[in-house]
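One chain, subunit A, links the two complexes that follow: it is found with subunit B in the first and with subunit C in the second.
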Partner chain A sequence: MEKETLRLLCKVNQLALTEEQKDSFLKFMDAREADIKALDAIDTENVERMVHVMPIMTVVREDVEKKLFTRDELQKGAPETMDGYWQVPRVVE
Partner chain B sequence: MRYETVIGLEVHIEMATQSKIFCSCSAKFGGEQNDHVCPACCGMPGMLPVVNKKVVDLGMTAGMMLNCHINRVTTFDKKSYYYPDLPCSYQTTQWFSPVAVNGTVTIETSKGKKDIRIKQIHMEEDAGKLVHDEWTNTTLVDFNRTSVPLIEIVSQPDLSSAEEVVAYLERLRSLLRFAKVSECRMEQGSMRCDVNLSVRPEGSDKLGVRTEMKNMNSISAIERAIAYETARHIDALENGTEELVQETRRWDDIKGKSFAMRNKETAGDYRYFPDPNVMPIVIDDEWFAKIKGTLPEFPEVKKARYIGELGLSDYDATLLTESRALCDCFESAYAECGQAKEAANWLLSDVLNILNKKQMTPDQLTLDGKTLGKLIKLVTDGKVSRPNAKKILAEMFESEIDPAKYAEEQGYIVSSDTGAIEATVREIVIADERSVTDYKSGKEKALMAIFGKCMKALKGNCDPQTLRQMIIDVINSI
Partner chain C sequence: MKKILLDDMILTKELPTSAGSKMLDGYMSPFNAAVVERLTEAGYEIAGKAPVGEFAIDLSGETNFEGKTVSSEDCATVMLDVNGSPRRIAAQNGLVYIKPTYGIVSRFGTVAVACSGECVGVMAKSASECKEVLSVLVGNDERDGTMHADGVCKSALGIKKVKKVALLDMGVKSAELDLARSELEANGIEVASVDAGVIESANAAWNILMCAELCNNVSRFDGIKYGYRAKNYKNLDELYTNSRTEAFGELVKTAILYGSDVLSSNNYMSKYDKAMRVRRVIVEAFTEIFKEYDAVMLPACSKTSYTASDDVFVENKYTAPASVTGLPAVVAGGVQLVGKAFSDGALLDVSAILTKEGK
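What follows is the complex of A and B.
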């Protein structure tokens, strides 16, 4: 992975990595890329594209409304809440 | 040089379901903040999404209404972006195998008919709502709308004017409301539109630089935005006023201008990835046929049938076919009473009046057409007078009643005993010497006075025309 790619990824994910962390992450990704390249040796010419890793299809439910949790239960672990809202650092411009 | 505008639309439509796309929380509009939420739709670790079958039904329905090919294996993917209105940091949507592809929508404008190609229709979840709090200078998050099911309809860049865009949006709205996919109410945000626009010299086959305006939610704002963007692009090409760049712009309808949005670098890199938590949906022949069987007649086909087969006026047929609920009610009322014009009249005057008073749209009509048909039959059979039938209709909106039974209970049945009616009329006419003299001396109004007294005495249970004739006959006989 290029340094520039990592910079963009950090930006879109709003991550602040130290130079040290970046170096270690780039090394980690290089190793993974090498692993993946090894797969190129396999002939996949006539293999159908795998849609999913699990052999389970069409897991659906009926359109029935249920209220299973209260707001208070869900917000128990929230660092900050206000008037029933989750409260986060300002993002709206 | 002459220029042409090239426009493609991405239309987001909220589907008419009870529950959300991946969990059982309510999908209803409104509610107190974070009242329609659960661990799944607020992105708690370990949660597992389960697809709402109705969403797939409606996605297929939309695809079929727009002449699309339905993908029999349809899958969900993760679209990553980081923003607090998206609790998982990804939106679950469809990228690799959307439910429907390659359709067409035929629009009609002053220039005639034109086919607009549909690239694809995909199912996805909506995002939450962010509110800025001035006092604490923080952002407040409401997840009620997260995971509310949407379909996104992506057109090819086949549109070339604001007029065509409006015709296209109205056509989509009409078809999807008819198929009960969505109410498509722009003012409530259940239909929103991203406009992709570029300009090129007329006849050129190369596309110009494209800009995108997101989340437009009124037809008139869309028209203004298209006019402004087109002029801005042409100005840039002709006079070099600015360099056009591919970007997302925000339309400010109050200022009447579009503005470049910041964070250009972060846009566009969504890193689509198959969602391992949502299993592929396989649409078998049985499921496919079932949905195909529920498709309604297209509105214009219905309209032609109402005019040609049922003898309705163009005006009445147009009004009825603006709403599927009106059509359904009309058709079952007609099936019951056998009188198309009567049924149309009752719906388009009395029923619409009541809806108006209740501040409801025709699509919200839940009146049982069969019951309306029974009421109409009572009137045309001369069993209940029109004024009393209107009272019965009003009651039909309040409770489930059988019109004939209710008319009986309320004493609304027209007496078939003409002798008794005539006796009442005679009594009143004889007692009101003055009105009789006035009428005989040519004052038509005097007849109305007698008519009113008779109607009151008969509790409205008489056909007005018959009663009027009977009064005249009685006056002439004395």
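What follows is the complex of A and C.
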């Protein structure tokens, strides 16, 4: 993997790595080449991809309104709230 | 009242749930997981939370953000198996663990990591105790959209017999495998060595699928609605980046980046899509073995303890076959038995031979 690709991956995932961590990740990616080779050695032509391991049909529930939690209960774990809203830094200058 | 422990991947209203991560340090869930409801309704007392490695993807709990380690407890523990950690712990500590058939125990209220393979299972000192607790946990829950119908879930504990076992040593020569083989044979169960074939590559596919799913699942942790928020930031972008960078450990960051890479437009077909197709090939390989055998015996790990240089993405070679296929797996006597879907009860019954229960 190129360092530029890693920079983009870090950006989209909102992560900042130290130089040491970047080197460590690039080594990890080199090691994964063995995985990719192992997969490439398996013939998957005419094999359909398997999303669910079991024959499960996702059933959509009836659209019925249920009052499960209060606002206070849901915001109990929030780092910062104000007047029932999640508080974030100013986004419009 | 019987006591039971829950691992720290299972949400509880009365106790904090950290998922082993600084990101969720002290997090109090507004609701209980489905398995907590079932256990308390059945009269179990929740005795506490057992520590896990960060998001339960490591070898055996070594990445817990507080350095807390998993220890053998006197009571059974209900644990989420994401990447085989409970199976490795059971194998290395003389315990029994069942990762049930995918979709027979509700995952509602567990911290989501690799949803297409993770299962809530039970660790205990005996197969019979695992079965007793599992019988409380199985059953349909409409809040988990990946579950089987109630009757199908409960059929997993029905009367079935394991008469023939295929041994896949996966290149590991261990006294536990030899002993298990002779114990099974002494009890009239036929054991024959079988080539693992493509099953050897299960972790190559699982590493891709697990990391892709983890990458998506942990994207919700942004320092806004719940969880850790960095102290220093100048704007919203820095708040996100600093919070995630400071709170996630190195293994989780690695998994996020790998997951993001395999899902990128350049790699989606060659890596993620390929892994999903290989998943089907592996399921078919097990189906072929199960035409002749009732269960497969394989190692749960390659060694009796780990050092810092051991790599979970390599060591999960032994646990990935059951994770990627959703098949039930029981670890007992230091070895792993993988069975046909819904043969959970039969696997536990045959595991009792390996733990010499009733003798």
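The working rule: the second predicted complex is superposed on the first by the 84 of 93 C-alpha atoms of A that agree within 3 Å, B and C clash if a C-alpha of one lies under 4 Å from a C-alpha of the other, contacts with A are read in each partner's own complex, and residues count from 1 in each chain.
The working rule: a residue touches a chain if its C-beta (ideal position, glycine included) is under 8 Å from a C-beta of that chain, and two chains touch if they have at least 3 such contacts.
Just so you know, these numbers come straight off a predicted model, no measurement behind them.
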| item | value |
| --- | --- |
| First (subunit B), second (subunit C), both or neither touched by A:I36 | second |
| First, second, both or neither for A:N13, with subunit B first and subunit C second | both |
| Contacts of A:F25 with subunit B and subunit C, given as first, second, both or neither | second |
| Touching partner for A:L74 - first (subunit B), second (subunit C), both, neither | both |
| First (subunit B), second (subunit C), both or neither touched by A:V64 | first |
| Touched partner set for A:W86, first subunit B, second subunit C, both or neither | both |
| Partner contacting more residues of subunit A (subunit B vs subunit C) | C |
| Those residues of subunit A which subunit B touches in one complex and subunit C touches in the other | 12-14, 51-54, 56, 58-59, 61, 68-69, 74, 80, 86, 88-91 |
| Subunit A to subunit C touching residues, read off their complex | 1, 5-6, 9-10, 12-17, 21, 24-25, 28-29, 31-32, 34-36, 38-44, 47-54, 56, 58-59, 61, 68-69, 73-74, 76-80, 86, 88-91 |
| For the subunit A and subunit B complex, residues of the former touching the latter | 8, 11-14, 51-54, 56-69, 71, 74-75, 80, 82-93 |
| In the complex with subunit A, residue positions of subunit C that touch it | 27-31, 101-103, 116-117, 142, 145-148, 198, 200-201, 203-205, 207-208, 215, 219, 222-229, 233-237, 239-242, 244-245, 248, 250, 253-254, 256-258, 260-261, 264, 270-271, 273-281, 283, 311, 313-314, 324-326, 341 |
| Footprint of subunit A on subunit B - complex, ascending | 17-19, 24-27, 32-39, 42, 44, 50-56, 73, 75, 80-84, 89, 97, 130-133, 136-143, 262, 265-266, 269, 274, 276, 278-282 |
